[in-house]
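The structures come next, written out as structure tokens.
Both of the next two complexes hold chain A, though its partner changes from chain B to chain C.
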Partner chain A sequence: MKSISEIDNIGARTKKDRIFMGLVVLLSVVTVSPIVLIISKLIIKGYKQLNFGFLVEKMPDTMQAMTAVANNELIPGGIANAILGTLLMVVLASAIAIPVGIISGVYLYENQGKWMANLTRSVSDILQGVPSIVLGLISYLWVVKHVTNGFSALAGSFALGIMMLPMIVRSTEETLKMIPQTLKEAGLALGIPYWRVLFGILIPTGFSGLMTGILLAVSRVIGETAPLMLTALGSSVINTNISKPTSAIPLVIWEFYNDPNMVDLIWSSSLLLMIMVLAFNLTAKQVAASRK
Partner chain B sequence: MNSDKITKIVLFSVSFIILIIAGGMVFSLVGGAIPSFKTFGLGFITSSQWDPTEGKENYGALPFIAGTLITSFAALIISFPLSFATSLFLGEYFRNTRVAKVLGTMVDLLAGIPSIVYGLWGFYVLRPFLIDIGFENQGFGVFTSSLVLSIMIIPYATSLSNEIISMVPNDLKEAAYSLGSTRYEVIRHVTIPAARSGIFAGYILAFGRALGETMAVTMLIGNANRIPDGLFSTGNTMASVIANQFGEADGLKLSALISIGLLLFVITGIVNGIGKLIIKKMS
Partner chain C sequence: MNTNILQIKDPILSIQDLSVAYDKNVAVKNVSVGIKKNNVTAIMGPSGCGKSTLLRALNRLHELYENITTTGSVFLNDEDIFKMSPIKLRRKMGMVFQRPNPFPTMSIYDNVIAGYKLNGISQKRQERDEIVERSLRDVALWDEVKDSLTKKGTFLSGGQQQRLCIARALAFNPEIILLDEPTSALDPVATSKIEDLLIKLKENYTIIMVTHNMSQAARISDYSLFMYLGELVEYGKTKNMFTNPQDRRTEEYLTGKFG
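Here is the complex of A and B:
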């Protein structure tokens, strides 16, 4: 008969355990390293260009940029046209998506288990999975071709709005589900009209949850490039007319990337875009955390 | 009519907009695709021609379908060890600790980086690096695209599997510990079998993400209209060909691009549907 020490291989097993844990930690660090690498690259290459003028002046033309680069100076001008374009389109997209999204979320919450609500929920989930470039195609076919008869800020906003919609629907429904049923019952028992119970009690109670969803949706669409290439196209001047082509920060990054004279501007533009995305993202997290 | 009824009607009709949009989307994509499917028939899917010369235009989507599937699949394989390790880190080893919170936030931020910034980083940092270490000699192509894609889809693969892993009942794990298992053995024989289908669903959803990614791939794949003949070959994906060729498209070419959009819509729909179905079965 063998003794315990002969069949027991706890040494080897512990070793395997340690190695595995080491591997998990190592690979996890590798996984998140790109975020540090990317952001530090953007800061190192982009901070010099990112000054006040960059925010308030409009885009330089290729010749100006070429001269500046040849003289080893910072490229003059900024991307105010793109910043304003992004703001315009995000606000417009929110104006489309937020009301529809919140009301649909309330509808889904109020009709749990009914087939029509289930269908709407599934379709909304499908919409969320549709690649953004396909949404760009749709907005091109609908808005560019039939509404504004040309590339326009409205078409860009529409594409971004459809992207935001399912995210807001879902976050609204999930938020409402977490509100105690008794709150609604108390309101109804007091004889408050149904619509006021929904929009005067439930929505304000879940406000921070809705806000989180909206901010995350905005942070998602603010960096979208592909659908805007098919809809808003881009413009080198400041444009506030929603039926005209408009620039956006991701669009000018794409333009700079394709123009050897302007290529130095990609880093500062990307840095600015990244700061905006992070600001929305972290604010959303903060709002979500403050609820608990 | 009382106000309750009006409220219900308003709720219903506003949410109906979602169905209208989705229905209209299918309708418009199919409508836009008809000219090219009429001209080329089902050959559109199986042909690898892409010839925009006027008069003898000939379009086939096979190279792009192949490019999309190859890059996405390669991205999934590359991302697997990374996101799997990360979900164990977050859901098992360091669950509910400060370090997991920080790492989790960073993984979430990976999902926040715009596609075009990934593309720039891939082009100006990763591509030269791959050339320097002698891994690649041109730096463009399926491999570089897949590498960047793999980073982009990690948050999607991780978030679901991390959640499922952390939901594995403690009783099960404690039973295994009490029998003398090491942590690795618990993970190997208890956690993973219990969480298997959830982890699998997470990877399917991540795959669905990879299929539709546009900008980063467009900047890195080399934009050659041919079926990639290897991991280091150049190619084009369905999303990148739409982004690339849309600017100068009208008539039959536009219809061909819309058809590709329709195919992409259908493929991502099927993949996401499978993922959602698995999740539904679990709960």
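Here is the complex of A and C:
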């Protein structure tokens, strides 16, 4: 009579199990390795240039960079013009996208199932899929040509703001949907007008959800290059005037790429950009986790 | 005229021919009833009989939902509630919900004062303190929370949260308090505390409470409505109804034949 293990063929099954386990581990490593490789490459190549001056000084010109490279020194100057430009445009884009996005999200939440809301939701979803360069073109046509009459930070912010919009609309709607209906009813039953219930109870209750959406949207647009090339153009000086051309971190990376003397700066700029994106992403994760 | 419906003299709230429908389904059918001031009135009936629907019509909460239509009239001190501004009406009719629902981002103090604060009513600090203390004392919660007023309302136990919600409704000094099965999510100890509280509160307020717990209605209510399938079947003094129900359906419900 055969023993149960012979019938059941446990040996072969254990082997199969091990193979699958190995495969799972291998594929996980494959998934994680690009980000590890990218970050380590950026750190190795970029850390040298990443000093205080890099953050507070404006871009060097080609001659300065060439001399430094020839003498085997660090390239002087930094990318303060780009950092400031990125911050300026992200803040401005948020100022455009957050109010509009939250109000649209509230509208969608309050009008579930109505055709106008469904249409708005679909359009917002389509907007999310529009290539960013197309948004840049639209901003060029509307803002650069007719509002600021030239390349400007405002035009760049407009393009970035439109990119942020669908994410904020969606996260607002989803967050509000998760808040129990009775909270809204309790507020209204106290004789509080709707808009005060919204701003005094619903939005504070869903604050972390809204914040997560906003931070993810910011971290998404902060690295956008294409729309800015057509709108903000770039600038080698520090600019705070929103109607003038302005630099941004992704834009200077592109400029450094085109200038053989400044190649070293690519890595440090990319490293800085990566740190900023990661910071926003991780903060968003933290905020989302703090919800419970 | 239905002889099973008690006529109340000088009611604080007079409901006349009130019907409520969800789309085409009529949930409350032509209810006419008067509510006596400074008494506890219980609305009883099996699930789905329209108890909560009737209650929520009284502070016009149904207007939030477009698929609900309300017809008929309700007079609060001879004033037609459907002609009042809903905001004014709701300040006169506090509401407490089935599950405790303190505002999660607010402290205990802010929860009680929320009605004032969120309405943008400016007050002196001292005035606010007084309202908070009075309301919390009214619900016998003051001694338990007076040292932790700045803590979040959601840190309290379920029964405490529900008393906080009652305090929140009392802060505006409403004339009527509407309670929608206020103890159904609570344990027996918390339930009995709330029941004692309601008996005390009727000195100053008129209380209308939905309950599907018959013994609770018997314990604390002075008047009872019995509803069945959206109709008001019987209305009278609770004592009389429990000892000598007029309608066969009331009797069957009270003796546990259905419900």
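The rule is short, and it goes like this: the second predicted complex is superposed on the first by the 271 of 292 C-alpha atoms of A that agree within 3 Å, B and C clash if a C-alpha of one lies under 4 Å from a C-alpha of the other, contacts with A are read in each partner's own complex, and residues count from 1 in each chain.
Please note the rule applied: contacts are C-beta pairs under 8 Å (C-beta built on N, C-alpha and C of every residue); 3 or more make two chains touch, one makes a residue touch a chain.
Quick caveat: nothing in here was measured; it's all calculated off a predicted structure.
K.L.:
Classify the contacts of A:Lys41 with the two partner chains as first (chain B alone), second (chain C alone), both, or neither.
P.N.:
First partner only.
K.L.:
Under the stated touch criterion, which partner chain does A:Ile192 make contact with: chain B (first), chain C (second), both, or neither?
P.N.:
A:Ile192: touches chain C, not chain B.
K.L.:
Identify the partner contact of A:Val100: answer first if only chain B is touched, second if only chain C is, both if each is, neither if none is.
P.N.:
So A:Val100 only meets chain B here.
K.L.:
Looking at the overlay, what does A:Val32 touch: chain B (first), chain C (second), both, or neither?
P.N.:
In the superposition, A:Val32 contacts chain B only.
K.L.:
Answer with first, second, both or neither: which of chain B and chain C does A:Gly200 touch in the superposed model?
P.N.:
Second partner only, chain C.
K.L.:
In the overlaid three-chain picture, which partner chain does A:Leu183 touch, first (chain B) or second (chain C), both, or neither?
P.N.:
Only chain C is touched by A:Leu183; chain B is not.
K.L.:
Check the residue A:Ser208 against both partner chains and state whether it touches chain B (first), chain C (second), both, or neither.
P.N.:
Neither partner.
K.L.:
Once chain A of both complexes is superposed, is A:Ser236 in touch with chain B (first), chain C (second), both, or neither?
P.N.:
neither
K.L.:
Could you let me know whether more residues of chain A are touched by chain B or by chain C?
P.N.:
Greater contact footprint in residues on chain A: B.
K.L.:
Touching chain B and also chain C: which chain A residues?
P.N.:
Residues common to the chain A contacts of chain C and of chain B are 193, listed in rising order.
K.L.:
Contact residues on chain A for chain C in the complex?
P.N.:
Touch list, chain A to chain C: 180, 182-193, 196-197, 200-201, 204-205, 207.
K.L.:
Would you pull the chain B residues touching chain A in the complex into a rising list?
P.N.:
Residues 3-4, 6-8, 10-12, 14-19, 21-22, 24-25, 28-29, 32, 81-86, 88-90, 93, 103, 105-110, 112-121, 123-125, 151, 154, 158, 182-185, 187, 208, 211-215, 218-219, 239, 242-243, 246-247, 257-258, 261, 264-265, 268-269, 272-273, 276.
K.L.:
In the complex of these two chains, what residues of chain C are touching chain A?
P.N.:
By the definition above, chain C touches chain A via 59, 61, 64, 86-91, 93-95, 97-99, 101, 103-105, 114-115, 117-120, 165, 168-169, 172.
K.L.:
Once bound in the complex, which stretches of chain A touch chain B?
P.N.:
Counting only chain A, the residues touching chain B are 13-14, 16-17, 20-21, 23-28, 30-32, 34-38, 41-42, 99-100, 103-104, 106-108, 110, 116, 119-120, 123-127, 129-134, 137-138, 141-142, 162, 165-166, 169, 193-195, 198, 219-220, 222-226, 229-230, 250, 253-254, 257, 266, 270, 273-274, 277-278, 281, 285.
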